[in-house]
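What follows is a pair of complexes built around chain A, which joins chain B in one and chain C in the other.
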Partner chain A sequence: MKNLWKITLATMLLCASVNPAGAAEPIKIGSFLTVTGPASFLGDPELKTLQMVVEDINAKGGVKGRKLELVHYDTGGNAKDAVNFAKRLIKNDNVDLIIGGTTTGDTLAVIPDVEKEGVPFISLAGAVEIIEPVKKWVFKTPHTDRMAAAKIYGDLRKRGLTQVALITGDGGFDKSGREQLLKLAPQYGITIVADESYGNKDTDMTAQLTKIRAAGAQAIINFGLGQAPAIVTKNIKQLGIALPLYQSHGVASKTFIDLAGDAAEGARLPAAALVVAEQLPDADPQKPVLLAYKNKYEAKYGPVSTFGGHAYDGLMIAVAALQRAGGADKAKVRDEIEKTQGFIGTAGVFNMTPQDHMGLNLDAFKLVEIRNGSWKIVE
Partner chain B sequence: MRLAGFYLFAALVALLPVLFPTNYFVIVVGASAGLHVILAVGLNLLMGYAGQISLGHAAFFGMGAYASAILTTRFGWPSLLALAAGLLVAGVIAWLLARPILRLRGHYLAMATLGFGIIIHVILVQATQWTGGPDGLAGIPPLNLLGWSVEGDFQWYGVIMAAMLLAVWLSLNLVDSQFGRALRAVHGSEFAAQMMGIDIVRAKTQVFVVSALFAAFAGGLFAHQQAFVSPDSFNLIVSVELVTMVVLGGMASTFGAACGAIALTLLHQGLVVFEDYEMLVHGILLMAVMIFLPQGLFVGLSQGARRLWATVRQEF
Partner chain C sequence: MLEQFFQFLVTGVTVGSLYALVGLGFALIYNASDVVNFAQGEFVMLGAMTAIALLGVGLPLPVAAIAATLAAILVGLLLERFAIEPAQGASVVTTIIITIGAAIFLRGVALLLWGKDFHSLPSFSGDAPIHLGGATVLPQSLWVLGVTMLLVGLVRAFLDRTLLGKALLACSFNRAAAQLVGINVRVMLRLAYGLSAGLGAIAGILIAPITFSSYEAGVMLGLKGFSAAIIGGIGNPMGAVAGGLLLGVLEALGAGLISSGYKDAIAFLFVLMVLFFKPTGLFGHQLVERV
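Up next is the complex of A and B:
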């Protein structure tokens, strides 16, 4: 009996000592994305990108000799599930950091938990509220809606247009974009002469556009995602409204051009450099990064979108931070993410500071025009 | 003896966190399931006992949640007062709505409640200045119970489970009261119930209001627990899920509804391993339950167990 005790104890000790000795335990990266549901066109390329890049990094030997392990859950765009899955990642899966939160709603919902538990979190959602005010553990990689608004207004000013009509949908992206457009208008000397809205599932927006036509606007801004902006674009053409049309970065994908067809010709929008990668001058430091990501993604999954690019940026920033921190210590990794300087990603050049947890400036957006069914940089 | 099942359930709920104090599936999923139980038990009073369908129950859940969220964040109300206000709002709206809407039957009632749910959802999305719009409302302060601020998942488990047990206890007592018998009579035959001297309009109104209060109560707790609300959590899908919980567990049984709520919550967490096929497996399981246990999981299984017990006793 005494011997049995000794053996048990020895075995237990052995087991306990073996674990830390095998230091090649993987670094766990948690992720919750909207892979199904209405926002799946955002979450799907994000997940594919994460899987692709993690595989790639592991093939090259991982980070500091440790492999990366991706733990992923699908929220379906439901904030309640996002909260539960974030908790599951933190408490059950013991992840070292989180990259995820496809939509602003999902991201905002998990912030209280992430802050309380102290886990580095890189969000892939758009709204500026995510990083303003600054939250200790929360970062993000996509451009903000405020930047998009500023970019559009900058171009309007250049063209000397000041009377603007807004038409936006009822989604989160649309609503917070509209808010930023309204907020920034006075700063750029822009007058909003009409402010119309539609439901994102509507199939006809001619009523709103007829009102806009009567309002005496010089340009129309449509801030939205998915199919609705394509319908707006078509309706504008059908009604014969000859005003310059601005769209948001939310439609910076080939699908939009396909859906809107001829009507999209001449529409302008702020977009990440990814969609015009080939047109960038060779001297642009972003060009090789963009082409490398684009070619790899397209070889594996088909047409690239800027949304997957945000996931790429998030993961690469995290990997660089892990490398500098020399491990997965949460506080150290957080500090290192905050110190990200001159990181060249698909969205632009990231320079994070304790005051700015995104680190992109307005140059990160290119103003593009749709010409002959393709994107053309106009600066 | 009548409440034996309840005590057993309460003991289980109290024992689980003692055994697994840090287990995610007990503490976090358990709290989530607890809220669903309150909702399902409330809806079961209306659906299971009174035989009236509601496809808009997430609206009352949302009213409770948004009342708590808006009043605490924008007006600085104490959380308990905000919770009470949410109950009041949902109760009054349910009462106003009950008379016109519960005159309808079957498909028409389903349509009307469906429409109501959608209207409330549209309001939550569109009234941005109050509700924060589709991105939701963040920064809801923790629930403050007479000086004790509820924080952390473990404490929340305790609060939600206490609330859930209260809801189950209330429901068990309600259905065994005169009120409960009146509801069952209305379910059986409205005409016969009227002949027995039951004021059916009053009975239906009361049960609709009670059911809405259960939902709003869960909503208030939900808002504080999550510290964030957004309209997605109160859309049509949620209403349908609530109906599914009641039907899955077994109609006209308080524990049936509770069982359905817990099963569906666990199922959702458990099936994530199937990734792309999650919804497929989910659907197949629900269909299987409905085909093989048409009375619902709890009711079907407990009847089966009882029959088995009877045979065993006869044989030996």
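Up next is the complex of A and C:
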């Protein structure tokens, strides 16, 4: 928090001092993120990333001779605030484009306004509903929960496991993930033999897992965020359940391994390549991008998370589009974002089309296993 | 089926003991001052987070645990001295609102000190589950149960057998009369806050290896502890203990036998039923008799 203040102050001073009279007007990038509140572990690295990258680009002379200016509001995870801030960004701050919407709820709430006003909007939230059906002005950079479900099922098939127990939390991410898991199961020939849930603030899930133990499952999938999946993982060990455990990309952070400890050994999950950057083969085109972002972020703020990576991807896609469009004309920038091809980001290689406003395929996810307190790619 | 039932029971009793400890803290302060201290959950969080922080700087676990408990007691005493005492003579509602403010303040301080991340404490004696019949129990759960029983016994003995404890109870029965017979009500109030803070902190340290802790971990535990105190009849320390155990078992059975989605709803529905049909709580009756 202290750092944040210093950075904000420094950025302000910097802007004030290096803006000589007569310089070209800055390109305004609007943002609304969940920097405080329950989803702050998502929004906090996103904001830091945006600030870091904007500062970096400006130090190199900006885009087409114009500096970038970041206008940011904190929604605290409240969708109603998100709508107000989006309106303010568009009408009062006259931003040229918007990168933000940490949570699916925040993002979905502002889409009607963004579409009406015609402002390019790159969302940082997960759910597939954001880009399906396609909305003219709305794009997103994170992998969808459907991709996570598909990746997990693909691995289950490979291991010949078909009887699966689900245990999910009560948040938006968890519920949306559960829906996708249920929807995709028949396609992969998976039978759901138990479907349990818990509150994200619960401190004990042994009751639900005891039911799962009796259900005859061959594997357990836990789709959730925060500390709850770590408790589930520990409880599974405690009950002596020896089934393979799958987690979602929501726990792809070092915190999860630290919390769950030994119990996490052997758990598998789909994750962005960022968490296994060092293990990628040198020929992988993503590797230099990942390492560059990771090293820069860690030098400045500490351990990197995949969520900040989504903000990096969003901003860099926007910058490339601004460059190609030769300015900040909203319609041109939108068209150029849609034409993003072969862009190498932290989440994967983006190939957007008029039908696909995310542009990632299943290869963008790596299936990783937790071994000796670290991630190992298993495919 | 019987195995499952036994497992639910083990879960319920473990979680219930924590609710009991938090509920006991509520009851003690309510006894001494008719005030519901909504910062009780924050004492739980403070105990856990301080212990984790002290362990992080290299202190051995037992030392860290004791130091964290003492630190929480100190915070409890400071809270009483600088927030509750200056408002002496204010209505009960005002004092309750002060405790809500204190809770938000403590959460904020914890956020600044330790950030938003979850932290965990290593288990006191390993993570290998113990098999009991068809159920499995964590060694940490036995610690929770054992320490809770010990503390409840000590509090009980303190209230019933010692002059100080009896003086504390006297304040709850009739404050003016207690003052007239020479009991220093102000000291009793400090004692109640210190004791509650200590109990809360110990609960936090016991549970941290199982459920982890973060700056806002106290909110839900506080709420559940309060429910335990209500079920048992607020102001009755042993009622709060029984209420906590009942609540924990009910939650576990609800999640296991009915539906995990309705777990909290079942627990809170039970609180409402108690309030409807026996507004003084299941064991509140005894208190009236003693008066």
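To be clear about the criterion, the second predicted complex is superposed on the first by the 356 of 379 C-alpha atoms of A that agree within 3 Å, B and C clash if a C-alpha of one lies under 4 Å from a C-alpha of the other, contacts with A are read in each partner's own complex, and residues count from 1 in each chain.
The criterion applied here is as follows: contacts are C-beta pairs under 8 Å (C-beta built on N, C-alpha and C of every residue); 3 or more make two chains touch, one makes a residue touch a chain.
Note that the coordinates shown come from a computational prediction; the quantities given were computed from them, not determined experimentally.
J.: Report for A:Pro112: first if it touches chain B alone, second if chain C alone, otherwise both or neither.
T.: In the superposed model, A:Pro112 contacts chain B only, not chain C.
J.: Figure out whether A:Thr104 sits in contact with chain B (first) or chain C (second), or with both, or with neither.
T.: A:Thr104: touches chain B, not chain C.
J.: Let me test your reading of the model: by the given contact rule, A:Asp74 touches which partner, first (chain B), second (chain C), both or neither?
T.: Only chain B is touched by A:Asp74; chain C is not.
J.: Kindly classify A:Pro281 by the partners it touches after superposition: chain B alone (first), chain C alone (second), both, or neither?
T.: neither
J.: Give one of first, second, both or neither to describe whether A:Ala263 is in contact with chain B, with chain C, with both, or with none.
T.: Touch status of A:Ala263: second partner only.
J.: With both complexes overlaid on chain A, does A:Gly226 touch chain B (first), chain C (second), both or neither?
T.: After superposition on chain A, A:Gly226 lies in contact with chain C alone.
J.: Please indicate which partner A:Gly342 is in contact with in the superposed arrangement: first for chain B, second for chain C, both, or neither.
T.: neither
J.: Report for A:Arg88: first if it touches chain B alone, second if chain C alone, otherwise both or neither.
T.: first
J.: Of the partners chain B and chain C, which touch A:Pro133 in the superposed model: first, second, both, neither?
T.: neither
J.: State which residues of chain A lie in both footprints, the one left by chain B and the one left by chain C.
T.: Touching chain B and chain C on chain A: residues 170.
J.: Under the touch definition given earlier, write down the residues of chain A that touch chain B in their complex.
T.: Result: residues 36, 73-74, 77-81, 83-84, 87-88, 91-92, 104-105, 108-109, 111-112, 127, 129, 170-172, 175-176, 179 of chain A touch chain B.
J.: What does chain B use to touch chain A in their complex?
T.: 22, 24-25, 27-29, 32, 125-126, 128, 133-136, 138, 153, 226-230, 232-233, 268-269, 272, 275, 278-279
J.: Given the complex with chain A, which residues does chain C contribute to the contact?
T.: 4, 7-8, 10-12, 14-15, 111-112, 116-118, 120, 127, 129, 131, 136, 138, 207, 210-212, 214, 219-221, 251-253, 255-256, 260-261, 263-264
J.: State the interface residues of chain A toward chain C in the complex, per the touch definition above.
T.: Touch residues, chain A against chain C: 1, 40-41, 44, 170, 196-199, 201-204, 206-208, 210-211, 214, 226-227, 230-231, 234, 237-240, 255, 258-259, 261-263.
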